[in-house]
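One chain, subunit A, appears in both complexes that follow, with subunit B as partner in the first and subunit C in the second.
On to the complex of A and B.
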């Protein structure tokens, strides 16, 4: 093979033909992945241009969703309620999933007899692997109707709190979406936390008890040790929540408003795309607006992940763990 | 006649059905170091963990017999109460990696409410680090991570963490097995100092005859889960009565 090409492909240091073949065989797969990501960014950017040209930053900040057939000049799309709804439902989901996931991990690792642990762990793994449409239908048929009396009670007794200021008209609300997302993402977060909790060396575990910690105190000490994995698990949960589409659109109520009241219906970017994209072709700017929405949740997901990575780096530096 | 801080009476321990300790009876004199010796797998670590009830953590462990700390049976006390009075240092340095040097030492006093004010806590931490002969090396970086310390320093931090509980008895499970010779000497000196100045009672597991003679007043020799010989260190080391002890001290066991 040509020397120059070898260098470009990074094959300079390879000793044998076998090594060379190995790299040449695997290079296309990683290049393909890179190409896919680049093309995604390109497509999203290209589709986003028309609406950004027309509305500028208003597309992020306005709350109107005016789809007018045959009159492009009267079309106006503001994504604010959807962006707000995505963040709101996901934050609720993470806030609920955090204690749930930590307790689930602790219960499995500390309180479940070893003989039952396998079965329980399998059940939570099954929960993580269940297709989200199953959760969606369960949420639609069971959770939402059963949430209604709870939310009605909350809004009756705690209406002075902005979160419960609106009396619910049905169980299809932001709160229901948040709860459903929490249920869906808890097994993910719990799996990450459990994994690292189970890797705590026995000598550290003994150390906790040897200083006279009660069981509860020891668990608290050990949980402190896996804090980075709790953050990582919750970042994963957030990513799953903000990306979830169908299940949310089945229970969130699809009301196009910004409201602090979780007892009100709402909308998310993903559910908006799912529900509107089919008709978007009838309008001049709607497709473009929906693509901007896609870019927004992509950016939010990226930001959350980067923040989690940054936090873990800082943690490792603090502990003096050298990075390769 | 010496008084005894710790008494083990006819102690049997089974781990996963296998009898590890087969009727151990031994008394540990107060304000002295007793070295527990014997070949590996003979139940030295198990004995320590039966004394402070760390065996409770192992669902496969079964214990019969009694352990008395100043006359009180540990099996009639709460485990956390036992472990406050009977602190332990392990073979592996095991400070909590996510806590600062200060918090590693302060965690015990905090759990047990040993300090009423921040100043009292600071004093306990300083005292413990000084007694562990680590204070001078860490006093300017109490907030940094123990993972930045050397192995020997980490082991002395583990010792300081144990001392901060203000224990009466110290269990040491081959505390110098994983540290360099310089740190080993420091740890030995620290233990001697604690016994001399604070009247602590130490149970020092080691398999090195030279260390046992250096550090201890008494030696208990375990073999096959039984006490084969015990007595003042010099006597046991120089004139062992049991052929097994003799063999061990010659390095043949």
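On to the complex of A and C.
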């Protein structure tokens, strides 16, 4: 193999022909992963160009959604409500998931008797494995109707807060979507937190008890040590929440407005894609507008993902945990 | 400061704190238990009314309250998609995972792992849109099952790569040294010795990937088209799948359609639970 190629790939130790054959045989698999990511970028760029050329940056900042069949000149698409809704529901989800995920991780690692541990671990695995459509079904049939009285009460008594300023029309609201997303993303965040919590050397626990810490105080000390993994776990939960489609689209209400009120119906980029893409072929620019929306969550998801991976790695290096 | 009252306060804080932790953890798990209960109840009722055999084999009649039919074609579609996804994803994921674990420390290995980690949490709806653009819009010209399988494979692939590379890394170094000392080539060593030694970890990854492939809805929204009438295995035609059917039928204003959706949800949940239990059994064996 070419020396320069070897250096680019960082393969200093290749000495024999056998090693070279091995690398050449396995390189295509790696290239294919790269190809998948690049083709996604290429597709999204190509499909985004028509609307960007027509509306420029207005497509990100406007809140109108005018679909006019047969009259492309009167079509106008602004994604601001959807982008806002995606961020808003995901932030609510992460805020609610944070205490749930931390507690779940600690209870599993620290407080569950060994006999129950397997069953509880199995349940959390099942939470992560349960298809999102099942969560959506539950949200549609149970959560949303039961959220309605709660949200109505909140808007009656706390309407001076902008978050509860609108009286809910139904249970299909931004708040419901946020709660459902929190439930769905909790096991993922909990898994990340659990993993690093279990890596803490036992001697530190012993040290905490030796100076007379109570159990809860010891847990607080240990949680302080895994703070970076809590951040990373929540970042993954956020990335998961912002990309979630079917469950959200069944409960968010699909109201196309920007409002701080969580008791109002809203829309997210992915729920917009789910509800509009099937009909987008009837219009000239709608498909392109939806792909731009995809590009936005693509960018946010990628940024959050990379930040989380980078953060974890930095922390692992700091802790002296070797990772190949 | 060290008096008994201070100690009592700390004890109270301890119990209060632990109680809050346990309550919140219970709150995190409670929705799943309620989901399992509700799906079993509503799905069970629907299937009992229609009859298990008819529910699993017939085509759906979402507009006919007296005879809703079943989910047969959609179920076949899901099995077809899952099989294709597993085959396709494994063929690519295994070499990628081998590359990551065998060349560990190299830039190539780190870059491949980073690509997989980036893809693993990618919004699945975007994968669906990409495959729509390439396979539906440009190459085939209509919704087709192949596009669905490709989208699912892309969703499952990075997950499998990460899982398999972790499993391969667990294999003791001595196995490799023994093979080299006997003059075995590197590729033979990996596929004849190291991969078989890591087979349980790889299998668990594959099983969980399969469970995901069976349950994902978003990648199928704009790829397979959602056709539920009549059986076929043709890859270049529209087809159905259980999760997509649930999504479409639960939004219809017909009683029969909803019954079908709940029954389908129970079937899907049973598939997922079975796969998860199987995975758990394999992992437990590894520990022993």
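As a convention for this text, the second predicted complex is superposed on the first by the 291 of 324 C-alpha atoms of A that agree within 3 Å, B and C clash if a C-alpha of one lies under 4 Å from a C-alpha of the other, contacts with A are read in each partner's own complex, and residues count from 1 in each chain.
What we mean here is this: a contact is a pair of C-beta atoms (placed from the backbone, for glycine too) under 8 Å apart; a residue touches a chain by one contact, two chains touch by 3 or more.
Model, not experiment: these values are computed from the prediction.
Participant: For A:240, using the defined touch cut-off, is the partner it touches subunit B, subunit C, both, or neither? Pick first, second, both or neither.
Facilitator: second
Participant: When the two structures are overlaid on chain A, which partner does A:262 contact: first (subunit B), second (subunit C), both, or neither?
Facilitator: After superposing on A, A:262 lies clear of both subunit B and subunit C.
Participant: Once chain A of both complexes is superposed, is A:217 in touch with subunit B (first), subunit C (second), both, or neither?
Facilitator: In the superposition, A:217 touches subunit B and subunit C alike.
Participant: By residue count, is subunit A touched more by subunit B or by subunit C?
Facilitator: C
Participant: Return first, second, both or neither, reflecting whether A:207 touches subunit B, subunit C, both chains, or no partner chain.
Facilitator: After superposing on A, A:207 lies in contact with subunit B but is clear of subunit C.
Participant: So, does A:83 touch the first partner subunit B, the second partner subunit C, both, or neither?
Facilitator: neither
Participant: By the touch definition at the top of the document, which applies to A:135: first (subunit B), second (subunit C), both, or neither?
Facilitator: After superposing on A, A:135 lies in contact with subunit C but is clear of subunit B.
Participant: In the superposed arrangement, what residues of subunit A touch both subunit B and subunit C?
Facilitator: Looking at subunit A, the two contact sets intersect at 214, 217.
Participant: Which stretch or stretches of subunit B touch subunit A in the complex?
Facilitator: Residue list for subunit B touching subunit A: 52, 54, 57, 59, 79-84, 87-88, 90, 92, 94-99, 107-108, 111-112, 144-145, 147-148, 158, 161-162, 165.
Participant: Can you check the complex and tell me which residues of subunit A touch subunit C?
Facilitator: Counting only subunit A, the residues touching subunit C are 8-13, 18-19, 21-23, 25-30, 32-34, 36-37, 39-40, 43-44, 46-47, 99-104, 106-108, 111, 118, 120, 122-127, 129-138, 140-142, 183, 186-187, 190, 214-217, 219-220, 236, 239-240, 242-246, 250, 270, 273-274, 277-278, 290-291, 294, 297-298, 301-302, 305-306, 309, 324.
Participant: Where on subunit A is subunit B touching in the complex?
Facilitator: Per the stated touch rule, the residues are 114, 201, 203-214, 217, 221, 224-225, 227, 318-321.
Participant: Tell me, which parts of subunit C touch subunit A in their complex?
Facilitator: Per the stated touch rule, the residues are 10-11, 13-15, 17-18, 20-25, 27-29, 31-35, 38-39, 42, 92-96, 98-99, 101-112, 114-119, 121-127, 129-130, 133-134, 154, 157-158, 161, 169, 185-187, 190, 208, 211-212, 214-218, 221-222, 243, 246-247, 250-251, 261-262, 265, 268-269, 272-273, 275-277, 280, 284.
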